[in-house]
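After this come two complexes, each holding chain A, first together with chain B and then together with chain C.
Right after this comes the complex of A and B.
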């Protein structure tokens, strides 16, 4: 009997490792090892071409991250961007999901239309917003202002460039739409019926039933949104410039942009890697903070 | 049934492992398995035998056509040429990982000196001396831009050769715009000073109902009318000034020439002489110029090919022409190329001899003749200058300006090889706040000096043993 159980266990183990093995090997070779190597290089004077002249510099690059006023300013701007754009995008996704949560005509068409912007290539989105919306030469937003006799605005100037970036990010809110719709479908209809019978209005039903029960999905979108927002770099660069090494205006100089510029613009690979490892720790801390607060506001079926 | 399911799972796992290992494998610059052509069309002796090799390069599709690749294959059947699309970021990654193309396409002006001191580009002086395709005595002096002795551009070994070149800070004019502004076109035999150019640009900027209907100046064909690092270096060279020490290990932007240049451009932005970040006009300067909405464009001979090929512009080619490269006030004429796209031999290439065959053929063989005749750049060979277009009055005017400033093309931009990407990054970072009035010229030059010296010091330390 014992032998039979062991054989069964062995078989299960072999099956398990055979199935996860390929993924793990690829993860090891293409993710974990390069990450570890990058971590090692962040303690050296690596400049992209001096592998034969590598020297350890201790914590010099990491000290530079915190003494570099540009890096700290870029981190501050990233916080501002993340704290505004992530809740805004999440709220828009939820609103769109609520609008589509019902038997409405053309549901498939609207769902596709709202979801489409989130899968468009970033370059296309940037081009649309930059040329068609924000430009002062034929741009749609300034045209609308003109209809109302209002003066033109430089949407990509110092005053509005961050708002323009956030607006462009919010256009991709449809990405969370499908997950919210699935979450809404999971709320039992009996709860709404019972609440209606008890005299609850639509607002009460929304805030007392829908929102609490959808908090796990909100939580998921918040965490994923924060992780993405901290890593944004292409959009601020190309919104103001025409090449990846262009320098965005200061309000849009985000942390990932700074790291990108250090690595590919100035070829300060080691410093750039130190910046990215610090970013990793910050994202981790933020995620942990959100997880920690989740016990106060995220509904769990086991409660 | 359970056993069958387990067997199926194991089989799927094995298939996945095989697929993922296949996906991981493969090196783009590995040896080709293509066999040489069976026909004796090659110029190589039938007694020689060669293993098939692949030579990689990051020339673009427009610079190396499929026909040309086939021509080369006919001449050297064992060599397959493979194009790699590498932007600046990908090239930096390729260099860092030792997987750069065998023949690296880069700018002779900015990238070549940097690649030379970093040990990326190989010394090809001996190969040029022995070449039967590239005759050293036929090379124009401008090819010295690819020579670097560790401190001075223009001297020392060759680390590459330009595929063509242009007087990149010359001026193209659009006569229709001059007529619209009621301003006569300046004499094409006299070089203006940069302050004169900006004064002219202001006169050429036409405003109607508070909207600019015609700009005076486009700074580049691809972007806005903003100052850029290349043009600043030309101004500094014309003024006879220097921003780097003799050994290139320190830099100083706080000199009158740089201040004057920045002041001119800050004033130009205020006066809306072209699309810029402040007026947020996203239309590229070249589009405006060709659509008769910008009177002047700073560009080199090569842009003549764009004008000839543009559907709108080619119907009135006589309205376009070139003015000589402007100078700093009381400065000398400097019509140096700002780019000089060149081919370099990667020092770590696994097939240097075959890569050289491609480089030599591309630079000096039939593609050189094709490039010269197309008029998309000036050839680097004296013997091929007669092949450039000379049919229309437009062609003749361009050639006349080029001949007039040929002596001025033998100088080079004062690029610091330790400053990655030639300082574009640093310049762009501080120029934007300047035009928005968020900083002053004083602060800009001081900050640029600090950032540049930080970068140069780190680069020097990383190279020194």
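Right after this comes the complex of A and C.
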């Protein structure tokens, strides 16, 4: 009997590892190894052709990151972009989900309309916004401004290009819609009824019931949104440029743009890896900050 | 938002209609302007039906070659990744082994690693191994699956009653047989969701192929980011044709979304995840 149990256990373990094996091996070889390899390279003078005689340069590349005015400015612009676009997109997602909560006629149509833009190919989105909405030659947004008697704006110029970038990201806000809808559906109707009987108005019900109970989803959206916002580089490059090595206008010269173009434009691999590791640590710190403060504002069943 | 009065209801639907208008406007504008004549400024209402712009979209650049590359990359990725993520997801849902919980924590943690931080050193490694400008990297990534979808599969498999498999186990079926013959056939919704989302991710990827491939092997999305639609001898992009190309690029995404819509909505709702 004991033998049989043992055998069953071993068999399970062997099966487990053969099923998980492919993922785990590729994780080791193509995630963990590159992560460490990149970290190592950030302490060398690697510039693309000297793999055979690398020289260790200590913290030189990291010093460069923090003294390079371009990198520091890019980091500041990335914070501006992330801090505006992530809460904005999350708020729009939540708002759309609230509009669709309850018995709505044509639910499927509305949901599809909001969700579809979020899965559009980035290139298609950029083409549409750049050539039609932001065009200074009869673009749609200027047309709308005109209807209200407002002056035209140079959407792709120095002053407005970051706003344009954020607006373009907000068009994809429907991506978080489905999760928010599921979260809202999960709130027991009895809670609302009880609150109504106690005389709570709709605003009170929203802020005292809906918002607290939906905070886990808001939390998840914020963390994932921040992680991806810090890495954005293709959209700002292509919003003004014509190919991936074009330089964006200065306000849209985000941190990941800098890293990407230093590596693929100037072959500064070691410096680029130092840039990316700094980004990695910042993302980790941000995620941890959101995570550790979450117990103060994220609702959990156990409280 | 619960609205009971007739006026409230009216405001509610008006708001919905307004949001729909905003979200669909860019797509509408794309179609109307893709059909306009070359070099004309943006228009709000349809003026022409120049369907030939769609033909030019496929001839002014090497459109079909790039589309072929997109199809190859997507086939490799979808075929391998859908399958191997499922295997790993099943193992995490059903099999306890020493270290399985630690490995699952790793799966969750990898979702937090910024892709760009591993992708560029991977490029350097592949460059050293002379695997640049081949499709091999996609084969490896495919075999590895994706942490997001491993998690999605796991959540789905956890919702299947264990009794189903126990009967088969008593009959002496191996775990592979159970996975293949019992689990997969009743898991079509999650398989379809993962396959479609993987396809969309692969089809839309611009920067991965830019790093790992050269122009001959670019998929359509990367090619369109690097090569503008220009008339010969001109440097000005033909807006109408590039919009037509953008629409063509989006068609497989829209079509696969509508095919799998019901499954995707359910899949994302039950796992609470969006990759």
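Please note the rule applied: the second predicted complex is superposed on the first by the 287 of 303 C-alpha atoms of A that agree within 3 Å, B and C clash if a C-alpha of one lies under 4 Å from a C-alpha of the other, contacts with A are read in each partner's own complex, and residues count from 1 in each chain.
Operating definition for what follows: a contact is a pair of C-beta atoms (placed from the backbone, for glycine too) under 8 Å apart; a residue touches a chain by one contact, two chains touch by 3 or more.
Remember, predicted model here, so these are calculated numbers, not experimental data.
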Combined model on chain A where chain B meets chain C, clash or fit: clash
Touching partner for A:199 - first (chain B), second (chain C), both, neither: neither
First, second, both or neither for A:246, with chain B first and chain C second: first
Which of chain B and chain C A:58 touches, first, second, both or neither: neither
Dominant contact partner of chain A by residue count, chain C or chain B: C
Which superposed partner A:47 touches (first chain B, second chain C, both, neither): first
First, second, both or neither for A:38, with chain B first and chain C second: second
Which of chain B and chain C A:267 touches, first, second, both or neither: first
Touching partner for A:151 - first (chain B), second (chain C), both, neither: neither
Touching both chain C and chain B, counted on chain A across the two superposed complexes: 15, 19, 22-23, 25-26, 29-30, 46, 51, 131, 135, 137, 139, 242-244, 260, 263-264, 269
Parts of chain A lying in touch with chain B, wherever the complex brings them together: 11, 14-15, 18-19, 21-23, 25-26, 29-30, 45-51, 53, 130-131, 134-137, 139, 154-158, 240-247, 249-250, 260-261, 263-269
In the complex, chain C residues that touch chain A: 1-3, 12, 15-16, 19-20, 23-27, 29-30, 33, 41-44, 84-85, 87-88, 90-92, 95-98, 100, 103, 106-107, 110, 112-122, 124-125, 128, 140-141, 143-145, 150, 174-176, 179, 200, 203-204, 206-207, 210-211, 221, 224-228, 237, 239, 242-243, 245-247, 249-250, 253-254, 257, 261, 265, 268-270, 272-274
Complex contact set, residues of chain B against chain A: 6, 9-10, 12-14, 16-17, 20, 24, 87-89, 92-93, 95-96, 98, 118-120, 222-223, 275, 277-283, 420-421, 424-425, 428-429, 432-433, 436, 438, 455, 458-459, 461-465
Complex contacts: residues of chain A adjacent to chain C: 12-13, 15-17, 19-20, 22-27, 29-31, 33-35, 37-38, 41, 46, 51, 96, 98-102, 104, 109-114, 116-117, 119-125, 127-129, 131-133, 135, 137-140, 143, 171, 174-176, 178-179, 181-183, 192, 202, 206, 217, 220, 224, 227, 230-231, 233-234, 238, 242-244, 256, 259-260, 263-264, 269, 272-273, 276-277, 279-280, 283-284, 287
